[in-house]
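Naming follows writing order (A, B, C and D), and every chain is counted from residue 1.
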Amino acid sequence: MSIRVTVWGENIHEQRKASVQKLYPRGMHTTIAEGIAEYLGDAVRVKTATFDEPEHGLTQAVLGETDVLTWWGHAAHNEVDDQVVQRVHERVLLGMGLIVLHSGHASKLFRRLMGTTCALRWREAGERELVWNVAPGHPITRGLPEVFAIPEQEMYGEYFDIPQPDELVFISSFAGGEVFRSGCVFRRGQGRIFYFSPGHEDHPVYHQAEVRRVIANAVAWAAPLADLEPYPTFKVTPHSPTGWFTQAKPD
Amino acid sequence: MSIRVTVWGENIHEQRKASVQKLYPRGMHTTIAEGIAEYLGDAVRVKTATFDEPEHGLTQAVLGETDVLTWWGHAAHNEVDDQVVQRVHERVLLGMGLIVLHSGHASKLFRRLMGTTCALRWREAGERELVWNVAPGHPITRGLPEVFAIPEQEMYGEYFDIPQPDELVFISSFAGGEVFRSGCVFRRGQGRIFYFSPGHEDHPVYHQAEVRRVIANAVAWAAPLADLEPYPTFKVTPHSPTGWFTQAKPD
Amino acid sequence: MSIRVTVWGENIHEQRKASVQKLYPRGMHTTIAEGIAEYLGDAVRVKTATFDEPEHGLTQAVLGETDVLTWWGHAAHNEVDDQVVQRVHERVLLGMGLIVLHSGHASKLFRRLMGTTCALRWREAGERELVWNVAPGHPITRGLPEVFAIPEQEMYGEYFDIPQPDELVFISSFAGGEVFRSGCVFRRGQGRIFYFSPGHEDHPVYHQAEVRRVIANAVAWAAPLADLEPYPTFKVTPHSPTGWFTQAKPD
Amino acid sequence: MSIRVTVWGENIHEQRKASVQKLYPRGMHTTIAEGIAEYLGDAVRVKTATFDEPEHGLTQAVLGETDVLTWWGHAAHNEVDDQVVQRVHERVLLGMGLIVLHSGHASKLFRRLMGTTCALRWREAGERELVWNVAPGHPITRGLPEVFAIPEQEMYGEYFDIPQPDELVFISSFAGGEVFRSGCVFRRGQGRIFYFSPGHEDHPVYHQAEVRRVIANAVAWAAPLADLEPYPTFKVTPHSPTGWFTQAKPD
């Protein structure tokens, strides 16, 4: 059974800025979706959704058929509907995988999941980023070298205000000397979350092979178990009227 | 310089239910405050604040003079003002210690900080809880035996929907066979958070020596460094126009 | 390509004690191997090896063809050859999965990997163990209920002297009131390690469906990536004569 | 009561190489000891011990009077006596703080505590290291800026083969583009361990204010509780003949 992936893209910079449009003529979401399909092939069915669709394209029906969601947003973070954010948040806790990309660090969704500001240091100077693998053997690093360079990137630097990641996968350095925890795993509820910072709209980052490979690996890793059921304490706080002692099993 | 502690109590059950009033005639918050002072003496200055005060007693001025806040709520979780929750949340990220007690697991504040439902399994049967120390040498377990019993407690059981704690300090078992991660450390921003589950309003838990000792230890542990300053990325996402290379230091 | 599993059994209690022989006539290792095959079928090729074979059956050749090793030992921990321990240790760091069972907690191998004493509290009283799932959605808990009972087990209790697990999957309670971190994930080098405490020789634990399922799940989870290569810093501390700046890639 | 600190130095490079002797005329250990005293004053009593003393100066008596040990070694890692390593290892598990410096990453002691190779990438080019604070509010970062530069340092780079740190405090970048987890907290048994990578013998790193401050902060943080007792499962695996149910307290 293939993994059902929804690539969510804000798709605003691509409409407004000619240079971005040139790099991503059909939107960054399309390029990201193609990168996932390139590496995972028949193992995935990839759709896209964007900010300007009704309910941002993330209706209950769409989410119900999504195993892994990827999220790229920037210009319209504050305009994303709170109900949609709530809906996606719940679905992550119930087991949907989530891949948050680049400026998605400041989205309502990611900040709600983290409980922190998710603020960071930044600079737009199109400088070289080196992405170092600090978790060899991790499924997300499959087929990747120990380090790869992104020739031109926006700088994202520490301090990055997140909870300590459950697993730290990549650390980047920038030509200016900054460092950044650029690949971070978080587990929340039954869901797996991966934050990956490379990917600015002004640079062709999502066309680069290593970046596409990381995202594809992360999608495969974040997919929930096929037979996953909601955990018992999710919807309501369950009352166990009697102890395990007097029961065949707890209710 | 002494640690400035604010003990926040919802103080509703104590008003409404005679049996609770008998156990805690001046409110649970008063008993908790006395327990902290009993163990920390001159090292602390303890005040209390309650739900029914203006802004729940947690004005910007009060928080500005609070190094560690303890939180007990239950009946009025949903009536706690969102602005106050936001204010406390920010203050925790900037370094105020936070001790969340018992049913505070379901407070708006704790759920915002965790990013999960914080749901759990429960049963009111006044049964024996055994609290086992799984972090010997941790400051929060100072002076405590390897296990202590609470004769009568509400059962809180797994699955407890929280992020994996940064440090797991206590695990409890109940007469009914359930287990619970009853003492959990989380670090968020510059703040230290400790969740401690013992403490139901229907039982004299906050009069028990070991429980008072744990809370006092946690207060001492959670107090911020005296010279703490907001970290640079907190209020705004800082722009670093040039790299470290060309600067004496980053702005 | 199927996962190559080697089930290592000390196979001493089974030879010496009639009651153990009755429960495990062909050795516990055979029962454990059958349990893995029962759930994973063609996805695995399972072999066994025992203490009394030359080099304990764990020659370089055998390890070279092992993706996941399971380890049960007790009576002969100190007689296990140091060179074999060293060899298995290295192989784990290079990516072989390792499942350590029950009394294997005190093996030379596990203590070397942990860096701690791995001591614990114990009692042989054939009492009921409840195994609670505290990581719903984790591949190791696939298809398992939120709690299952083992009718008769040796008690293993806290304090269990291990590093904080990278993921805590199960917590057990015992009829006597003790608790235990009974399912623990550790990542070391490129290898994945799972410690699972149920499984005393005096009880038919490895015949129980839930226990077999956990072990089979853990084998599937611990299998290394098919294309795994030794990470660059393993064998020697690599000298990088020039920085990344002046190279196409670091040596 | 002041913290009793023993600064252990291999003191070999200082004897053999004129340039090192010039930087550290009384040995690096003396400079490190002075740095600790400079920041902690009367709160510490600092002694030194070196490789060439009987039992490397780390007799049972010396360790019995040591609250925190710092460790710098390089040329003689393999000549350090296994019994001394065993003795220090045990003492750490029982609560002695341990600060491992620079090339101490490859010492027998650190590798035993970690259970991994602790290998890393390196280059001696006297290049600039930037040390970034990724744990603002942590006691080890007290009084330190968000980043500081070491003008000339040996490069230590990822992949660094350690277990995931319990807390990651510093990440460094180097002029060559490499990154390194340069400040790492580990808890083992009752002991607290801090690894801090800056400090090559060919550079005046231990004379630099920020480096001295970090080490002094770490000493204060790693000191055990004054009233710490050995945890019950340390020396032997304790037999609990009866459950908690039938006892006043477990034996």
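The working rule: contacts are C-beta pairs under 8 Å (C-beta built on N, C-alpha and C of every residue); 3 or more make two chains touch, one makes a residue touch a chain.
Predicted model only: the values in this text are computed from it and were never measured.
Peer 1: Which one of the chains is farthest from chain C, going by Cα centres?
Peer 2: Centroid comparison gives B as the farthest chain from chain C.
Peer 1: Determine which of the two chain pairs, A-C or C-D, is joined by the larger number of C-beta pairs in contact.
Peer 2: Spelling it out, more C-beta pairs touch across C-D than across the other pair.
Peer 1: Based only on mean CA positions, could you tell me how far chain B sits from chain C in angstrom?
Peer 2: A distance of 37 Å separates the two centres.
Peer 1: If you average the CA atoms of chain C and of chain D, how far apart do the two points sit, in angstrom?
Peer 2: Roughly 31 Å, centre to centre.
Peer 1: Show the residues in chain D shared as contacts by 2 or more other chains, in ascending order.
Peer 2: Touching at least two other chains: 130, 136, 146, 157, 159-160, 164, 166-167, 174, 177-178, 187, 189, 231-232, 244, 250.
Peer 1: Taking the touch rule as given, give the residues of chain A at its contact with chain D in the complex, in rising order.
Peer 2: Those in contact with chain D are residues 128, 130, 132-134, 136, 146, 157-160, 164, 167-168, 171-174, 177-179, 181.
Peer 1: Can you check the complex and tell me which residues of chain D touch chain C?
Peer 2: 89, 93, 106, 112-117, 119-123, 125, 127, 155, 157, 159-161, 163-164, 166, 174-178, 186-189, 231-234, 236-246, 250
Peer 1: Quick one: in the complex, what on chain D touches chain B?
Peer 2: 95, 130, 135-137, 139, 142-143, 145-147, 149, 166-167, 187, 189-192, 224-225, 227-228, 231-232, 244, 249-250
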